[in-house]
Each structure stands twice: as structure tokens, then as C-alpha cells.
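Chain lettering (A, B, C, D, E and F) follows the sequence in which the chains are written, and residue indices restart at 1 in each chain.
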Amino acid sequence: MTEAKKVKIMLLKTVSALGQERELGSVLSEICAPETEAEIWSLASVPKLTNLEYRTYETFVGPDMLRAIRKAEREGFDAVIIGCFMDPHIAAARELSRSTVIVGSCQASLQVASSLGAKFSVLVGAKHWISHVEELVRHYGYADRLSSVLPMEIDAADLRDDVATTVTKIIDLGRRAIEEDGADVIVMGCTYTFGMYRAIQDALNVPVIDPAFASFKMAELLAWQKKTFGWMQSNGVGQQAPPESEIEAFELFAVPPAIGCRVEIG
Amino acid sequence: MTEAKKVKIMLLKTVSALGQERELGSVLSEICAPETEAEIWSLASVPKLTNLEYRTYETFVGPDMLRAIRKAEREGFDAVIIGCFMDPHIAAARELSRSTVIVGSCQASLQVASSLGAKFSVLVGAKHWISHVEELVRHYGYADRLSSVLPMEIDAADLRDDVATTVTKIIDLGRRAIEEDGADVIVMGCTYTFGMYRAIQDALNVPVIDPAFASFKMAELLAWQKKTFGWMQSNGVGQQAPPESEIEAFELFAVPPAIGCRVEIG
Amino acid sequence: MTEAKKVKIMLLKTVSALGQERELGSVLSEICAPETEAEIWSLASVPKLTNLEYRTYETFVGPDMLRAIRKAEREGFDAVIIGCFMDPHIAAARELSRSTVIVGSCQASLQVASSLGAKFSVLVGAKHWISHVEELVRHYGYADRLSSVLPMEIDAADLRDDVATTVTKIIDLGRRAIEEDGADVIVMGCTYTFGMYRAIQDALNVPVIDPAFASFKMAELLAWQKKTFGWMQSNGVGQQAPPESEIEAFELFAVPPAIGCRVEIG
Amino acid sequence: MTEAKKVKIMLLKTVSALGQERELGSVLSEICAPETEAEIWSLASVPKLTNLEYRTYETFVGPDMLRAIRKAEREGFDAVIIGCFMDPHIAAARELSRSTVIVGSCQASLQVASSLGAKFSVLVGAKHWISHVEELVRHYGYADRLSSVLPMEIDAADLRDDVATTVTKIIDLGRRAIEEDGADVIVMGCTYTFGMYRAIQDALNVPVIDPAFASFKMAELLAWQKKTFGWMQSNGVGQQAPPESEIEAFELFAVPPAIGCRVEIG
Amino acid sequence: MTEAKKVKIMLLKTVSALGQERELGSVLSEICAPETEAEIWSLASVPKLTNLEYRTYETFVGPDMLRAIRKAEREGFDAVIIGCFMDPHIAAARELSRSTVIVGSCQASLQVASSLGAKFSVLVGAKHWISHVEELVRHYGYADRLSSVLPMEIDAADLRDDVATTVTKIIDLGRRAIEEDGADVIVMGCTYTFGMYRAIQDALNVPVIDPAFASFKMAELLAWQKKTFGWMQSNGVGQQAPPESEIEAFELFAVPPAIGCRVEIG
Amino acid sequence: MTEAKKVKIMLLKTVSALGQERELGSVLSEICAPETEAEIWSLASVPKLTNLEYRTYETFVGPDMLRAIRKAEREGFDAVIIGCFMDPHIAAARELSRSTVIVGSCQASLQVASSLGAKFSVLVGAKHWISHVEELVRHYGYADRLSSVLPMEIDAADLRDDVATTVTKIIDLGRRAIEEDGADVIVMGCTYTFGMYRAIQDALNVPVIDPAFASFKMAELLAWQKKTFGWMQSNGVGQQAPPESEIEAFELFAVPPAIGCRVEIG
């Protein structure tokens, strides 16, 4: 039997204005393994930003995401979770990173979903996410398993205002996904709904994947495997990192990331 | 912080004639989490079978695989690993199962590989596996990430006879996958090479995924999630189980599985 | 002009409890070519089984299917039809077989359908078949031609109880496939509806493919071609049979298949 | 047992300048069923044309192909074979036709090939056919089963000049397809090689599909099914024929087809 | 700054019976660049033909299309537009042509649409076009961007009879495409609706692509690039033209095209 | 005949350290239409950056790219060209933009290539671009037309140091693409090779697409169409822009873009 191995994980939230870090940290501390040392970092690069619902917003937080990931790598974090369902900048993060494994909220959720059922539906916040998520699902290779992408039509920022109403709405939508579209699994396509999966799952009687939880536990797994098996983020030709000499010459990381808040989990 | 949660995992080997259960069990006990209770079961339904290299052989072990999985579900196992890289009968196993999550050696390996690099190659035992693995990779949705499937041209049964020679051969093949085909990650397409990944990885400098390890740790994760989040094997319409009344009427499980050997891990 | 060449064909039914062999044999004898010698074999390996509607059931009949196919090859049958629309174990059967060509009910039906129209819909028994058939259609390469898979919501076992009602229901469903989904051809996705196609076709005015008939006639063709052109089941690298030495050593075919009933056609 | 049913089949050759009709007719008469009444029609619309190796040539023979098919339908032919491997104008022919089923040389060959092996290679006349055939194979849905398209680099017109040399060359090419590309079946991608398959097949030990033979026998099957089951060329919305009133008003078939030669088979 | 370069463009209408050449010419003259010399040629090969709504009709105009394109190449036209949304015979035209670039109405429209939005819907005349357009969109590579193909259910020949009614109908259909199917761009799938896009676009507030305009301007661009950059229609192996010696020997272009009407634009 | 319409175009270079703006501007002024007012803007957000060869670098220039595009929209530019072959941030740019049409260097090049030949190869700078370009080509829908992606193995920064050597190397590579991979068209997969296409094309005798030229002329076309037809960047649901109120509240564009250099063309 192995001795429990300590792993260090960072959950990178790209938005700090909502101040949900503590609530999220408290929820995650309940599912965090004893041997995991985890932190939430929220970026303040765009200080007033309250959501990441547009590709425009994603673009603006990109440089600080990479700065934070590099800082995390320097601090010895074994894995970083991109804490937004659209997995923004994941390819760049994986290219840059080596000993810190990058985990996508969407990718981890789809991996779990595809192990549990033949078909899954993704519930997103608004209609304009539908084609984005379809494309992301296609990119990850799960197009044939996608039963539908359905919009909750709730602002990400409002999702937690009246949790009971949100949950009721999602249950109705999930039922439609199951009965009309043939979903075996429901994937919550938004990281702001953390913790709500349980009530929805009880009502729908199929697995309801919470991306915050799925990605956190996948990060623990990949972090552990990296430490134990040496399964790092590959630096192969399809994901080759920029030469360190260029990174220095270009002064890419001269400025530190604007971290608004750093919360310990557990 | 959560208290460590006990999970029960069964690794299902479909061949018992090789008698490698103890060696495998010993290797796995080194990576097994303290809170995991794990066993290897090897089937003796086709007692003299020494490999599962043909679909014909897969078909013959099918009924006993389902019997063993059902038995495991009855005994409270949280996850069962299909211990053959071709993931035989995984769809039937997932259809039948509910509170026991089914893990595929291939699927788990591809999930890890696709998190670590942009492209991966699979090294298989013999040429006649190439089109089977291509089809399996396509089925799981990773066709666009597959750089190549290359044959080791070593009999599965001989792989462990002279490990040093096997490893040298695999390193050469892996180098070809990296340099000619652009692989960022190497996936060992055979569960008999368990433990060899380390030497190959050190030589190739890209992650080399051992399916025995990748699937075991994925099983621990999915088992834990099932117990904690209730993420069971879905019984939705795309994966609906036969009615219990029919199962009984047809006397499907009247005969117990022929389990040749049952080894505790850890 | 060639002399009519005798061919021997076996239709393999995996379920014998329904006792429909004689009715089916009588229907097929009306379409059987004079030079064809044909038999229905129904398996009794799971004696009380009344349907093959789940992958679980498919798995249980697998070994005896292979045993029956090998027996048929030994007895000189030129072709064997897998008498279930899901074409269970067809890849294993083709791998094992050489001088006996294996015909799939689904594959043969889709080949005919794709020659007759641009798009086709498949009518299946129950909702839980939808994703299975979608996957099978994708596997055979016809995804772009599939207009829809619609469930009849009739138990396979009940389909023949009140044929008039069944036919009326199917006509309604077929009309929906044509008008809403754009089907040019209707494929009956269940071999239990044998013979009903005619009334449905007369009502719908598009070809309605009966898989029992389509596969029987395709088997006659492939059997004839094998005898005349030598077009056997390939033993190439993508479909390589296990070595005979292993088959013997593993005693795979020590036990004969449990054939419940053997009916001559014609 | 059914009485043998007479069917009428026409093989449409789009080129008449080569004068191979009699040789082809004689070869086909050896494989023609006793109950089949068959004819070869060769078009003289472009009288000096000796091959159909370019899309340009295909376009020129299009109108007369449709005129000949309509004439055949009027004369009661049950099936027409498009006697060129590229299946030119098959969609238009199927749209126009109703009681005459249209058979494509390529489509029929691929249907047979995909029943006999997991992967197939197509051998074409010249390099410029490669991308055309790849596209055709993709169109018919067999992209995942295509191991390669290899050029014989022999002019269609010269293929029969020195049969022994042609056969030797094809055997070499077929061996490469099998050993390097993993082909289980070889498809001759040219209808001018009729009859050569046998020597090649004996040398290669995998099925070698002759499109002239495969399509002729498929035509017999589809013709018989049409007469017996009423499985006509669908006139559904995806393949809807022009209104007869327009056909008349536009005087589309005012001119008869230029048939250079009409040879009876058998 | 470059001097404006003269280019010569021909718009090939395959139907002349409608006599819309002058109206179309007048509309196009308003968008024609000053340095463009343009003509509409309408074919009279099938003199009474009033539409090209069936593949049958497309086949009949094929030879004269190629004759007209060759004539245009001889007369120094830099680009020819295939003036029908289904882009009939475009592959043959591109094979034959070298210094005259061939522009497809559909392909040009989809290129513009895919630059302006993530998803587009195509509005076609009749239901029987749906599967044809789906196939064409797939062929051009835009399957993932297609939100829907919706039928206007108006005869091509009647589209311009009551423009206000046609426009109202199209606006309703376009709204459905936007609201239900998620279209960002509407593509008019019929060249007879030329000029109507503006009123529809004003009502729908998304780009509405007129294929007559999109293809005309794309032709100007490709013609200019050909003259300036030498970007001709490739004669590479995937699009190789027939040898001139064969073209002469076969007397393919002995007969001139039946040009019903030749209208200058601008 | 229309009066020439003035359009304003901006070519956005994301790297300013190389100081090639003037050379590029001078080359482009030779192909610029008389009625086009064009400028090159090069970003200095990462002042020492000399290439954009990694996704990491792309991420860093993202915010300033959006700032520059918004500034251009405010200044009345009709189109902006993303002056890097990987089309970084094109989806975000199109989402944000409305009256300024966004043109991708890669997308425009592939659109031209797919109009000129059946298959094309892309020549990239280094091996690590291969999988990125394959993914981009797949994303744009041209996977079936891609013959190969071949690496020049020259640093982007060195490409112009010895043009004759670069050209010779590219000709060799292009020949391989044509002869071995069947390319009909060569696409230069790097915007730094501007102007070299001509010598390569003369040697290879197939079209060689220069992305700087192809995208510049496509931008002129799309800009003109926007002004004349109102074909704006769609703000439909698949590409919906963030609400202006949020953009202001989040102070996204509080800081102006760091424009290193602004060069007029023509």
C-alpha cells in the first residue's frame, strides 16, 4: 500500500469581482482529499469583470492566466484547473507548462460523462453559448455523444441569487434533455452552478456532472500521476513550449499576474 | 478536509492461464491508494486461454465477464476495470451495471493521454490489432489526435519473457512515433507491458501511458465520485439495463462466473 | 449462360424460445432461389431468452453463435446470416470465418437502402435502441444518409401478436419519417417484423426494407460469388483469424453449440 | 421454393470506340444467371471517345446516359448498371428512374468489399484518379475502411493489350496495398480489367473484387428484389424525379440516345 | 498604388427560356467594378428549359456548359461563374479550365457566409433540394457551420412573379432559421432571388447573402488575382485536364455551344 | 457601372520588433486597389516579441489585438486583417466587431486554394506548427482537401535573411507536396514569406498562395461588400457581441492599444 502522496493544486478563477472564492473554497474543501493542498486564485487583471461569457472577455484575461500558471509552476503546483467551463486558453497553457498539468473544466467533465453514459447533454447559461460549446465538444472528440446543448437563459452572475429557482429551472431543462434528446448524463455547462448538481440529480435520476467537482478531482488524479508516474504535460512537437531564451528575451513574464484573491481550500 | 473514503475496486482479467495475477497485484499494490480495497479476479471460463488477441477470444469470455461484473456489483464493488486494452464488452457491462462503474483500460488511457499532449500514438502487440485500435480510438472520439498505431510484433504472451529486450524494442518504436508521426504521448496498447512504461519514458522524454496504471487510478477516481457525488453508471435510455424480471426469467445469471483466481492488492 | 449453382445458407437466430422458426422458414421459402439450400438454426444456449434487445443478451449468445458458425463452416455452408438487426458479434464472426461469408441483417439492409434512396430512416422497437442503431449506422458509414431513427415502442416479443395494429402503427411512424425527416426509404430495424413490409410499402409509396428478406437475398448473392469468384471472407491483417493451433490448444470449440431447432427452408 | 423469376438487365458502357462489348459480353455470359436476360449497350454519343478517365468526358456522355436509361425503363429493364467505376451521373440516373434500379460499379464493389474485410484498397489507372476515388469512397461512406488508393499507371485503353504484364503489375501493387497499407480486400478501380481478378486473387490470397462482376451480380439481385418485393428506385423527397409534364414540355427526351452497339449476354 | 486592371468575367446561366438575362444584367451592372468587362451567356441547349431544379436537368446542360466555358477561355475570359446555386459540373469545369478561373455560386456564398458568422442557414426553393444542398455544404467542408436548410416552397420560376410576397415569405423563414436553428447568416439558396436580399436583411438584422452578388464579386477577385498573381485554375494531379491531343481526337468541341443570349453588363 | 467605392482596410501585425512594416507596406502598395485606403498597424504590447510562433505568444498579444480592432472600428475601417497565418483570436475579434469585417490570413488563403484545386498542402515554418495547422484546417472545414502540412524548418525570423536560399528550400518542399502528397495548390503557411510566392510558383507550375496577398485582397472584397451590400460581421446568436453596457462597466477598453508603428499603404 502506498503512503498518501501530497499534491498541490491551484484552481484558477478568471473573475474576481463576484467574490465567490470563499464560498467555492468552502464547498471544495468538503471534497478535497486529505493529502491535497489546494488554493483558489482569482485574477484581478480586469478588476471589474463579473463574468467570462464572451470570447472577448476570455481574450482579456489570457495573459494573466498564463502568468498565474507560470507562477504556480514556479511555486511547485502539480496541477492547475482552468476554472471556466469554456476552458479558455487551455492549448496555450499546456504548451507553456511542463511539470504542472493543466486541467480543463469542460474536458474533465466530458471525460467523466462519457464514462457514465452513451449520450450527454450540456446545459449552458445563454443561447449564445450553444455554438461555442458544440464546437468545444467537437474539438474534444465527443460530437457523436452529444445529445443537445440547452440554454438555461439565466445570467451567470444571477445563477446563485435564488438557488431554489435556478435548480427548478435546470431540472425542467434536464428532463427535456433526457426525454426529448436522449441524454443519459447531464453536464452543467457553467462553473457557477457549483454544488447544485445534487438536487438536480436526485430529481432526474441520471448523473449530473458538476464541472467544478469533476475538474477538481481530475486535477488531484493527474497531479498524483505526475508525481508518481512522471506523466507531465508533454513537451512534444504538437505542444512544444517556447524556448526559455525567447521567453526571457521577450520579457513575457516581467510583470507578475494580478491576483485578486488567494484562498486556501481545506 | 474530507475523511478518506474507502472504495472497493475489482480488476477483471479475462485470462488466467498466464498466472500473472500475483505479479500484477504486487505492482499495483505500490500505486494503490491507502483507502482502496482492491482485488484482481481472473476468469477461468476458457481455462487454457493465454491471450485475448482476437475478437473470437473476446466473444468467448463475454458471458463470464458479465457474470463476474454482476457478482462484483452484488459484493459492493464501486468500480470494475476491464483489464484488456481492447475494452471488450464495455458497452454491455455499462448497460448491465448501475452502482458499479465500469472502467475501460483503453478509454482511461486515452483520456489521460489527451490531457497531456496534442497527439498520441498507440503501440500494439501485432499488426492485426492496428485496425481494431484505430476503430476503438475513433469510437472514443480521439481520431483527430491519433498520430499512429504501430505494432511491436511481439506476442502478448512473450512480452514479459525478456523485459529488457521488449523495452529496447518499444523505445525504438516510440522514437519513430515521435519523430515521424508527431506523437506527444505514447500509449502502451497492451496491458501485459505493465510497469515497463518508466524505462521507456525516461528514454523518450514524453509521457508513456501504462494502461494498467491509468485505468486503476481512473477507477479509484470514478469509484470515489460514485460514493461521494452519486455519479453512477447511468441507466438512461442510451444505456438502459435489461429489466430485472427478464434477467430472472431468462436465468441469465443462474451459473456463477468461473473465477480462476482472486488476488488481493495492497 | 451459367448452370444454376447450388449454395448453402444458414440463418442464425439467437433466440429459440419464441418458436417462430417455422413461420419464418415458411415465409423465406417463398423467396428462396431454387438452387439455394437453406436452413434456420436457432440457438438454445440461453433457452428461455425471448428477445435480443439488450447488449447484455447479445453477449450471452456470443460463444454459441461462434460455435454454430464454425459448425456451419465445417458442414459446408457458403454463407451465414446473423438473424438480428443489431448484427451482434459480426466482427468476431468474420474474423473466425473463411469459406463461409457472414452477412449482417443491418448491413445488408443499409446497403440495399443506400442504393434505392438518398436518405433512409430506421424504425426500431424501443427508444433504447436509438443510440445503438445510430452508432451502428455510423460504423457502417451511412451517417450522412440517416434521416432518423424512430421507435415503434412495441416489444419485440409482441410485434406479431396483432399484425394489423403493428402495421398501422408503423405506417404512421413511417409517414413521419418521410414527411418530417426526409426519408426516401424506410428500413425495418427489427427482424421480427418479417413480411410486414409489403402493406407498409403500399401505404407509404417508398421502398420499405425487410431485413430478413434483404439479408437472405444478400446471403444468396455473396454465397454464389464465393463459390464462383472465390470471394471469401478475407483473412487479411484487419480481420485475421486466430491460429488454428491456438484454437485447438484453448479448446474453444470443445463443446458443440446448443442448437434448439434446425428448420429447412424451401 | 420460388420459381426462377426472369429479370432484364442492361449494362451501360459509355464508350464504344474500343469495341470491347463482345469480349465483355462473352465474359459476363459465363456468370449470368439462367433467368437473367441481359444486354450491353454502348453509347456512341461521342463516337471517337476511347476512355472515360476525366470528368470532362463524363459530362459529355451524361445526356445520352440518361436517354439510354429512360429508353431501358420504357423497354422494361429492371436494372441498369453504370459501367464505369466512377459511377458518373448516378444521382441523376436514380432521380430520373423509378422502376429501373440503377447500380453503380463502384458502389456495388465497395458494398461487397466491406462485407468481406475490414479495410480495402482501390487500384486505379492513373494518379489523377486518386483524389476522385477518395472523394467517391467518402461519398459512399467508406472513408474509414479505405486503406489506400494506388495508381497502376497504365492507360485504361492499354490495360488489355498485354494482360500478363498488366496482371503482374497489379499483383505487385496489390501486395504493397496489403503489406504496407493493411488492405484485406483489393478493389479493381477500373472496369476495363474485367476478368483479371482471378489471377491476381490467386497470387495475393485476399479477395480481389472485379467491378464488372460485382455490379452485374448486384444488378441481378436488385432487379429480382424490385420485381418480387417492389423495392424500386425511391421517388422520395431526397431523390424526387422531375415532373413528367416538365420533361415533356422541355422536350428532354425528344432525341433518342446514340447507341453504338447492343450486345446480348448469354 | 496599382493601376486598375481590366478583367473579363462571364456569368453562365444554364437556362434561357425565362428571359431574365437583361434584368439580371441590369442589376449586376450596378455592382460591377469599373474595370470589369462582364457578360451573361445563357445556354439554349435545352431551349425550353425554365429551371435547373433537378439533377436530370443539370446533366442535360453539362456538355454545353463545358463548351461555353472553353469558348470563354478562348475569348480570354478570366473567370466564369456557374450561375446556378447547385454549382453543377463545377469539378469538370475546373478540370478542363486553366487560365479561366471557375467560380461556384454556392461555394462563393458559403465562403462569404463563413467569414461573417459562426453558423448559417440556406433557404432553398423546394423540399427536394434539402438533401442536395446538405450534401453540397458537406462537400465544401461547411457541415459543422450549417444550422439548417429550409424550403421556401416556391417554384424557382415563380419566385419573381410577386416579389413582395416572396420577400415576406422568406423573412418568416429566415426568422425561423435565426431563432430556432441559431443561424447568424442567411444564404439565399437560389440564384433567381437576385436583389431581394436587401429587404430581407433589413428585416432580419443579420447578413443575407445573395449568391448572384457574392459569386460575381468573388469572380472579380479571383480574375484579378489570376491576372496579377498568376493564380490559375490548377492543373495539378487532383484536377488534371484531359490531354489536348485526346480532346482533339475525340472531337469533343467540334460543335459550338448553343448560346441563346449574350448580354453585356455595365 | 458603379463608381469606385472607397474602402478602409487595416492589416494588423502582432509583432513590431522586426520592423518589416515598411517593406510589407511597399509590397502591398503594389497590389492595393486605387480606391483602397490601407494601413499596417503593428502592436508593441510585447515590444521585444519577434515572432508569433507559439500559442503562448498569441495569448499575450490578444488584448491589444482587440483594442486595436475596436479602435479601427471607431476610426471607420471597413475590414481588419489578422496578419498572422494562425488567425489568432479571430473568433473573439468577430464577436466583438460589427461594422468592421475581420479577415483571417489562413481562412482567406484556404478559400482561394479550395477554389483553384482539389487538394492543397500548407508549408509551415517549423514542425511544431503541423498539428496546429491541421487543427485550423479542420476547424475551417477543409480537412478532406488537405494533402499535407510540411515544415520548412526555418525560423520565421530568418525567413527573409537570404531569400534565394529560402525560396530554393521551399521549391523542394513544394515539389514533394505535389509529387508525393498530390497537392494541386501550395499555401504558404507563414505571412513572413510575403512576395516569395512568384518564384516558387514559376518553378512548381501550380498556384502558390501568398497569405499576405490573399488576405489583403479578400479584405478589400469583404470591405466593399459590407459598404455596398451591408454584409457586416454578424451579431447573431453564434457570434453575439458583449453588451456595450458591460464593456463599459468592465472598463475593457480603458487603455488604448500599444501601436508600435502605423504605416500607410499605397
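The rule we apply is simple: a residue touches a chain if its C-beta (ideal position, glycine included) is under 8 Å from a C-beta of that chain, and two chains touch if they have at least 3 such contacts.
For reference, the UniProt names are A, B, C, D, E, F = Aspartate/glutamate racemase family protein.
Since we're looking at a predicted model, the values are computed, not measured.
Asker: Rounded to the nearest whole Å, what is the centre-to-centre distance of chain D and chain E, using the mean of the C-alpha atoms as each centre?
Answerer: Distance between chain centres: 31 Å.
Asker: I'd like to verify one number: the distance from the centre of chain B to the centre of chain F, where each centre is the average of its C-alpha atoms, in whole angstrom.
Answerer: That pair's centroid distance is 46 Å.
Asker: Out of chain C, which residues touch more than one other chain, so two or more?
Answerer: Expected reply: 91, 118-119, 127, 130-131, 144, 182, 237-239.
Asker: Touch graph of the chains shown: is it line, ring, star, complete or other?
Answerer: other
Asker: Pull out all the chain pairs that touch, please.
Answerer: A-B, A-C, A-E, A-F, B-C, B-D, B-F, C-D, C-E, D-E, D-F, E-F
Asker: Any idea which chain F residues touch chain B in the complex?
Answerer: Per the stated touch rule, the residues are 127, 130-131, 135, 138.
Asker: What does chain F use to touch chain A in their complex?
Answerer: Residues 46, 48-50, 53-60, 62-63, 65-66, 89, 91-92, 95-96, 127-128, 130-132, 237-242, 247, 249-252.
Asker: State the interface residues of chain D toward chain B in the complex, per the touch definition above.
Answerer: 118-119, 144, 182
Asker: Provide the residue numbers of chain C that touch chain D in the complex, in ascending order.
Answerer: 1-4, 29-34, 91, 94, 101-104, 107, 111-112, 114-119, 140-145, 147, 178, 182-185, 197-198, 201, 205-207, 209-210, 213-214, 217-218, 220-222, 224-225, 228-239, 266
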